[in-house]
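Both of the next two complexes hold chain A, though its partner changes from chain B to chain C.
And now, the complex of A and B:
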């Protein structure tokens, strides 16, 4: 396992480059846009996969963390702070060079938070909320945990829908791009944005972030913490008896997965240039759970492949108006027939064929 | 707040509370029989309303409602037979995900059959503007229908569980499944029956509430969350306490309108749910000792 890890990541890098080459050859570079979006969703899904598969905790509220990230970053970078000028929060931000001052169309002063500062605020807020929510929520199990996280997600959704600051049902649009590197010489600036000339750069950026995130999670799982987590999944009592602080580990993974969701939310919002309340809906949370389940709970690679693949198909509109129904079906059938994920099926059948007569 | 307004809110609260109580009892019946929380419970309520609305042009209202309840019961039984009956001791996580999947399927099929439009049954007596006065409070007759139907359901269920042979078998199955099997009770049929029962009462509640609250393909989800809140508030599995808890939540929600904007109304019941889960997961009326045996 340990030696295969960098190899598999390298193979994924290679695959990403190959897909780009294929789209160039077939003249179908428009696919890259959805692949970029799918990669950001993939970030949410592998984070949740670690929580569900390795810490054994279900969360039906991850769309909430995604939306916290996306909405906070979007609102901080678009809402004008000019009326608050002179108050301490704005002054403080200004002294840290975290403000962006520009002029709007009618020539009035437009003061917003710089994207990188907004991104940090959004991710930190998501982590903090996850910490505060996680302490009581993770004491619950089974149905209660599911309902509590579902409730959390619904509260976030309701707050977004009811707050004029977050654009109510319209969401927030015209979110500026997120400049990572300014323009240098003949190079374009590198920024997270949906502009057509930045499509290829954004594609590699998104997949770079995803592969980096994946590498970090694989490292975590292979480490001492990962072994502690796995013991926690199989039996919490046994893990506690072995001296593992189960509640602390669960909380850490919960916060980590929330941070992954928030980062995905921030980057996707800047890429799309906007975010709507549907990103926070319960159906989105359920969809993330479905994708983790399809990939196999304790199989991060499976989660990544199935998650990104199905999200890509869904973004391309392959399922049409049956989009949500397809995910419902997938959820039921995977749980009925292959609770360890679709990718485990082949292996099991193979094993059965080899050790025929032996019970699985 | 004037006294009139107070009573107006109170009755609105009791009406909604009665509906929440019925949804919560639906949760409890299935929970007692199987240990599963059926996340698709709210969809039964939606189906009851929708089917009766569709049948109304072809038959008189009482018949349409009866048929809608019967069809929803059949759907409940079908769901149990297709998705749950043949699973051998599945894990809680698996069951949670399966019932969530079922709720999505029911919701999406409703979307494709009935579209996104908001529908409702006509008022059982009079119309939207018919009111009667109770002292200085003006109420729609439909409020009485809702409260009466919910009371009849609660009473009927109580009678069914206490004094009919099948009801007693179901209780035996809930108390100790192995012992019930040893006594020759077919526990699998009891589980199917429990799904039918909770689908049936959900559908009936969906019919009587439809004129007031309207029915839409996605109206089940928020009802399910509120019903679950009530079930937890009363102590999971305890149907009589669910009635008290339901009315309590309904009244709390109705009065919250005077304090916070309507848009946050749903958030209030969920906040109550979260607080209860954190502080007293065994419910307001449950004993913490009995709860220790359950898996929170």
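And now, the complex of A and C:
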């Protein structure tokens, strides 16, 4: 296990490069766009996989955290703060060099928050909200926790849909890309953006972030904290008897998974150049849960592979208008025939499972 | 004592002279109309083995759950090394140095025997989310120490061969040993054993008896609940007898064996039945 972890991550890096080469050879580089998007969704899914699979806490509100990240970063980088000039929040942001001052088409002053600052604010806000929501909600177990987080997701969805600041049903568009490294000499700048000439760079950037995130989570699961999470999943009473502050650990992993979702949301929003309320919808949360289940709850690699794979197919429009229905079907199928994930099934077992009506 | 390494805990560390390891003062527990524990007081002196016995439903396990913080006390106080612990959460009590095992074994699913014991090292280690995620050298070294200490405990329990077997798939006696190793991994000052010999045959029970004496010799005070009279009488320094939630007697094993009240509740009495 210890030796295999870096090896598997290296294999994934290699696979990412191979896929790029294949798209060059087949002249289908347009696939990279959806692969980039799928990687950002993958970030949400592995974060949720850690929460659900290892710590045993379900969340049907993770689309909410994704949307909090995406929407906050989008609104801060697009909404004009010129009318608030001179008030303390704007002054404060200015003194921290967190503002971007430009002129719009008609020559009016356009003051927005710099993308990097907006990104940090958005992720911090998601973490804070997760903390505040998590304290009461994580006292609940099983179905009750699922319902409470579902309620949270619904509230976020409705707030986004109803407030003009967040663009109501239209969402927010024209979100600027955000620069990680400015242009140097002949090199293109490294920035999160959907611009066609930056497609390859963004593909590698997204997968770099995902692989880094994956490596950190794998480290965590193998650590003392990971053991504590797995133990409280199995028996909270025995975990407490071993001196583990179960409510604190549950809360921290909840916040961690919310941060993963928010980072995914921020990066995808800047990559796409916009975000709409459907990203916060309950169906999205259900989809994330389904993808974690398909990957096999306590199998982060399975979660990553199935999650990114199915998301990619969905983004390519393979499932057509049945998109949500397909994910619903997947959830039913997994619960009946492969509660440990699709990858746990061997073909023969699968046939047996289907013909004997479940529970192999 | 050849096996003892830093697992040996000075049982008087930090204890003010005269303080008991554990002291219960008129502890009551009511479940609605049921008075499960009724005015129970006793002391557990450092370095001894004390047993709580009584017929089924006498309130023994309830008493354990009150001490370990799994149930709130209705009234009364519980002191651990001079510190009040009633109202504290189980994990806090565990951090003070009180470890326990469960009557119906509670091992962690999907974990190997070794990992289960490593969870027990939780209170003796530090690494948090950050150092775990970034696999800092400190966490890494600590992890090795946790593994080594846990492995030694499995050896002490004579189940080191099963270290990498999933704990819940082990035989009953071995599962019990893993649970005891997990409790010992915390290097507790006081160990609560809830029926350590339940479901074991006489040879295994004798083995458990030897083990408990060894634990005592390591400097760990032991409080146990047990049905097996031979075990209790052989190893206990003192026995508390509970009946219907009340303390009936508290004495050395020999005196308990000759206590008329105790004989009555265990064997019954002709006129008690006809009366």
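Here are some notes:
Just so we're on the same page, the second predicted complex is superposed on the first by the 346 of 360 C-alpha atoms of A that agree within 3 Å, B and C clash if a C-alpha of one lies under 4 Å from a C-alpha of the other, contacts with A are read in each partner's own complex, and residues count from 1 in each chain.
Here is the rule we use: a contact is a pair of C-beta atoms (placed from the backbone, for glycine too) under 8 Å apart; a residue touches a chain by one contact, two chains touch by 3 or more.
Keep in mind that this is a model prediction, so the values were computed, not measured.
On the superposed chain A, the positions of chain B and chain C stay apart, so the two partners fit side by side. Once the two complexes are overlaid on the shared chain, A:144 sits against chain B while remaining clear of chain C.
Number of chain A residues touched is higher for B, counting chain B against chain C. In the superposition on chain A, contact of A:336 is made with chain B only, not with chain C. Rounded to the nearest 10, the angle made at the CA centre of chain A by the CA centres of chain B and chain C in the overlaid structures is 80 degrees.
Applying the stated contact rule after C-alpha superposition, one finds that A:158 touches chain B and leaves chain C untouched. In the superposed model, A:227 lies in contact with chain C only, and not with chain B.
When the two structures are aligned on the shared chain, A:318 is found in touch with neither chain B nor chain C.
In the superposed model, A:298 makes contact with chain C only, not with chain B. In the superposition on chain A, A:169 makes contact with neither chain B nor chain C. Once the two complexes are overlaid on the shared chain, A:11 sits clear of chain B and of chain C alike.
After superposing the two complexes on chain A, the shortest C-alpha to C-alpha distance between chain B and chain C comes to 9 Å.
Taken in their complex, chain A has these residues touching chain B: 56, 58, 60, 136-137, 139-144, 146-148, 150-152, 154-155, 158-159, 161-162, 282-283, 286, 289-290, 293, 321-322, 324-325, 327-332, 335-336, 339.
Interface residues of chain A facing chain C in the complex, by the touch rule stated above, are 216-217, 219-220, 223-228, 230-231, 233-235, 237-246, 252, 256, 298. Interface residues of chain B, counted against chain A in their complex, comprise 37, 39, 83, 87, 91-94, 96-98, 100-105, 107-109, 112, 221-222, 225, 228, 232, 261, 263-264, 266-267, 270-271, 273-274, 277-278, 281, 295-296.
Those residues of chain C that touch chain A in the complex are listed here as 68, 70, 89-91, 94-95, 99-100, 102, 106-111, 115-116, 118-123, 125, 127-129, 131-135, 139, 142-143, 146, 182-183, 186.
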